[in-house]
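Each in structure tokens, the structures are laid out below.
One chain, chain A, links the two complexes that follow: it is found with chain B in the first and with chain C in the second.
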Partner chain A sequence: MQAAAALAALVMALLLPEIAGQGLVFLAGLLWINMVFGFSWNLMFRQTGLVSFGHAAFFAIGGYGYAVLARAWPGLPPLLVFVAAGALGAVAALVVGVVALRRSLGVYFAIFSLALSQIVAMVISDLPSLGRDDGFAGIRRPVLDLGVATIKLAEGDNYYRFLVLSCALLTLIVWWVTHSRTGRRFRAVQQDAERAAFLGIAVARQRLLCFVIAAAVAAVAGALYGPWLQLLTPELAQWTFSARPILFTLLGGAASFWGPAVGALGFTVLEYATRTLHGVGEITVGGILLIVVLIFPGGIIGGIIGGVRGALGRARPVAGA
Partner chain B sequence: MLADLAGVVFNGLFSAMVVFIFASGLTLLFGVLRILNFSQGGFFAVGAYLAFSLTRLLGPALPLWRFLAIAVVAGVVVGALGIVTERLVLRRLRQVDGAYSLIATYALLLLVEGIVKLIWGVDVRSMEPPAELSGVWQVGDVFMPTYALFILAAGLALFVALEWLLHHSRLGKLMQSVATDPWMASVLGVDVARMQTWIVVGGFFLAGIAGGLLVPNQALSPSLAGTFVIQAFGALIVGGMGSVRGTFMAAILLCVADSLASTYLPGVPGVFFYITMAALLLLRPQGLMRGAQL
Partner chain C sequence: MAAGIARREVMVSAAAAALAGVAGRSTGARAQQKPIRLGLITPLSGPQEIVGRDHLAGATIAVNQINQAGGVLGRTLELETRDDKASPAAGVAASKDLVSSGVNLLFGVLSSGVALAIAPTLKGDDAVLILCAASANELTHEQFTPNLFRASDEAYMRQRALAKVVAKDYAAINSWTAINPQTAIGASNWDSFVDGLNQFYPQEAGHNVEVIDALTVKYGATDYKNEIAQLMRRSAEGLYLGVYGGDAVTMLRQAAPYGLARKFKVLVDPGSEYIVAQTLGKSTPVGLWAGIHWYFGAYRGNAINDALYDAYVKSTGNPFPAGYVGEGHAGVLAYAAAIQRAGSTETGAVIGALEGMSFASCKGKRTFRKEDHQAICDVNMVQFAPDDTAAGWKIVGYRVVDGAESIEPPSPGKALVLNTKRQ
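Let's turn to the complex of A and B:
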């Protein structure tokens, strides 16, 4: 059922430009990228219990990595450049993870990752070749050469469709990792690290692997983001941006795979509805998030499931009577 | 060169005291309640804006005593907000997992930031320090703004006062007992819930007063809420999570290292704070004051 729903959502996303205006299509593109960003964060949180407050650093590394590579070597196949951006994120995560993950977990790791992302943001703000605080502008949408045909992504809604398919592929990868044997090993580490170690699971290595995969996915999402906005700014590496996937995940429900998607949708709607009112946006998002954490820790999905179960639970005795 | 060095260290010490004044309330809250409070920045901003508005209200002249009184008033108002926040939010976070409570206080930060925007708007404002503090002292070749000297003195005084309160007063010993083992403290007749409320009020009071004292140092904008939080978290965690002494020492270490490196090494100014922080965390994951109390 989940597969059918996901497929239906994909078809609808692909058909969106036929019925909607440019503004809505643009927002939808951002939403798909946000969803993937959220999935990648929740892969760490849900599967291994790792809380990163610096996930945006990998998004930014991917985004800027793609932009720099595409500018330096315009002849490279674009798909290769997207993969390279992901690899860049993975390598950065590997270096950070090898040193940090063995030493610090929990709140320590949250703050540690926050400090590292701050370093990335400051370096971006300072380097003239990355556009400093003005941003990295003029990122072109590439031309795909598929052998049998070439597709100019700059034309019409081509880049949007490419974006949708890429995001679907990334989601599929995260889904596959979550439900594979590797994913179950991650889960064992999250539930009881000591027992997992006793069963012969290399706990530190599982955490590292999960961290690296999540970073790679976030980096590719960042790479897709650049040509879509055609502008990158240092805010992408800052902690306020790192808070986004956390917001999506908790808002939607961290216990479900699809939580970040529901949360990202809710957040986008809220943000769009309050965009002209200074302060109201923050109050709404902050207030709702607070209510979610304090009263509905299961998020929107958890609330719906709880509601349905509650209704069924009440209905059953009546049916039996 | 030597005078240069003195100036650089002076600047480092100044930012260290700014960070410590901000982080003191954070440390208190974390030390006793084990809540890492993102929203401290928001309440700091509320204190700063309150001080700004009160100063405007009372007219153009700003004698030193009035500047101090206004900071105290800002502290009291924010402390009162602490009571509400404790009842509605922080009290419920005690049963919640660490990560969730971090996220909840981030939500609170967003909420407070939004309210600040609603009340005071999004324009950047600024405020001059009182006339007594706007001069410059010159010792040898080093120029020291009077305001910076004042903040140094205030930071030091705050540190001494907190150390005395926590380690030499009856109240401090009760607070230590609640921090170490709330259950045991309650068995021995300490009203733990009430104590915790007062600690939140104290922490928020410090946030408000920090806002009032540090307004002349900042451009006043809603993004002020996030400005010091990360650096204060750094000092808190490097210092050993909830030890006032540790936070004080870590703030000095990180800020002076940053000031020195930014002057004498090539690279991005400000980034050395975080590099030092990451290095220290890897070398001593438990912080400078391992297992220290408050």
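Let's turn to the complex of A and C:
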């Protein structure tokens, strides 16, 4: 049933430009990227219990990595550049994770990751070649040469559709990791690291692997973001941007794989609905989010499941976030 | 109402018609068709909201004035506003949201980052954007797009105009230095100012000027003591406060005990408008110059200026409208004139009308260059001093420089090349 719903959502996403205006299509593009960003954060949080306050660092590394590579070597196949951006995120996470995950977990790792993202933001702000605080402008949407056909992603809604398919593929990868044997090993580490180690699972290595995969996915999401907005700014690495996947996950429900997607959707809908309420829009959004979190500690999905169970007369406490 | 529209130069157009209405000579025309919707994109939340509100105030006054005079092409104007939160992504979302709701004529935008993000989307979305503050040179150079116009001054034009003023008024000064933020715009502003010093000192003062390397500090820094100590040791006589706005306030507060403002013969702030004086009050350095988009006091007697000033003071009670009020107002007047000239609100027709068009505004005539779509307009400066009023400050002088004297030749698609580079 989940597969059918996901497929239906994919078809609807691909058909959106036929029925909606440019404004909604642009926001939808940001939404799909935000969903993938949320999935990558929740892969760490839900599967291995790692809390990162600096996940935006990898998003920014992927975004800037893609932009620099595409500008320096315009002849490189774009798909290869997107993969390379993901690899950059993975390598950065590997280097950081080898040190950080051995020494720190929990709140220490969270603060460490926050510091990392601030360092990335400062480096971007200081490097003239990355546009400093003014931003990296003029990122072009590439031309895909598939051998049998050439697709200009700058034309019409081509880049949007490419974005949807890429985000779907990234979601599939995270889904596969979550539900594979690897994902179950991650889960074992999250539930009881000592017992997992006793069973022969290399706990530190599993945490590192999960961190690297999540960083790679976030980096590809960042790489997709660059040509969509055609501009990158250091804010992408700031803590405010790192807070987004956390917000999406807690709003949607951390206990469910689809939680970040539901949270990102809810947040985007709220922002769009209040876009003309100048001055009170943010208070309205914040107030509604507060109410949702207080009423549904398990997020929107947790609330829906609880509601359905209640309606069926089998009300049981819903697993919280 | 249409009598003054024939000539290509100095189009009196809808702006004057609006003021005719304000002055009591209303045409009595009633708009019978659907209103013409103009989309204002500006920060209406977050730290930049105060500037966005100024844009909105000026634009609202312009729309009311024009509607009272009978509108444009017999249609009223209507403002659609969107909050760009000074964030590029929110700016693009705002622009596309307006376009998809049928608004193709956009204006406003404070942040150059937001402008750089919206610019590449305009052609595909078949929309026009008139910038009313964003000053990055790239927007009319390497990032030029035919759908983008700038009604306000650009960084290079303003900095060189400031240099021209100091070369004339402070001819005895032989050396300059600066304290700048570590941003691309900070470096580019200073380079442009130096470019102006090197050109205008020999012309106006008859001698070359020494430029002592600028100090750079992190944008948003909170501790300037090291930099202040370094500045106190420098032999320079003129100080360029590249750290403007809130940063300049912080720095000047910390510098007061050292007597920094007295050490230098002149202090120039490229763009804080009234912010520094309004915040520092009685501690405002004597003789501080600040760049401003529009200083109402310089244009008394200009009907558009006076009507805007009166309307603003009447609605807010604030006797010092920020320059951004004038820019928001000018954005609407530019569209009114272009639509009148084009006889249409279609994107292509409006772009064609804007190219090379002159229009009257609160700071006199502005002309959009056909080549790069940059407006040639006046550059304004105001000078402050502390006083004994409740506000604690007053304006003791102002200067108006014709932008044509400080602007570079157009080179759309190519990066700006400075005449001279800093040593």
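Keep in mind that, in the parts below, the second predicted complex is superposed on the first by the 291 of 321 C-alpha atoms of A that agree within 3 Å, B and C clash if a C-alpha of one lies under 4 Å from a C-alpha of the other, contacts with A are read in each partner's own complex, and residues count from 1 in each chain.
Criterion: contacts are C-beta pairs under 8 Å (C-beta built on N, C-alpha and C of every residue); 3 or more make two chains touch, one makes a residue touch a chain.
For clarity, every value in this text was computed on a predicted model and none was experimentally measured.
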item: Touched partner set for A:Leu289, first chain B, second chain C, both or neither; value: first
item: Which superposed partner A:Leu250 touches (first chain B, second chain C, both, neither); value: first
item: Partner chain in contact with A:Gly138 - chain B first, chain C second, else both or neither; value: second
item: Which of chain B and chain C A:Leu114 touches, first, second, both or neither; value: first
item: Which superposed partner A:Gln230 touches (first chain B, second chain C, both, neither); value: second
item: Touched partner set for A:Leu30, first chain B, second chain C, both or neither; value: second
item: Which of chain B and chain C A:Arg195 touches, first, second, both or neither; value: neither
item: Partner with the higher number of touched chain A residues, chain C or chain B; value: B
item: First, second, both or neither for A:Gly281, with chain B first and chain C second; value: both
item: A:His179 touches, of chain B and chain C: first, second, both or neither?; value: neither
item: Overlap of the chain B and chain C footprints on chain A, listed as residue numbers; value: 125-126, 278-279, 281-282
item: Touching residues on chain A, where the partner in the complex is chain B; value: 45, 49, 51, 53, 99-100, 103-104, 106-108, 110-112, 114-116, 118-119, 122-123, 125-126, 239-240, 243, 246, 250, 278-287, 289-290, 293-294, 297
item: In the complex, chain B residues that touch chain A; value: 36, 89, 92-93, 96, 98-100, 102-104, 106-118, 121-122, 222, 226, 230, 233-234, 237, 268-271, 274-275, 277-278, 281-282, 285
item: For the chain C and chain A complex, residues of the former touching the latter; value: 44-45, 49, 81-83, 87-89, 92-94, 96-101, 112-113, 116-117, 120-121, 125, 136, 138, 142-143, 182-185, 219
item: Residue numbers on chain A that touch chain C, as the complex places them; value: 20-27, 30, 125-126, 128, 131-135, 137-138, 229-231, 233, 235, 275-276, 278-279, 281-282
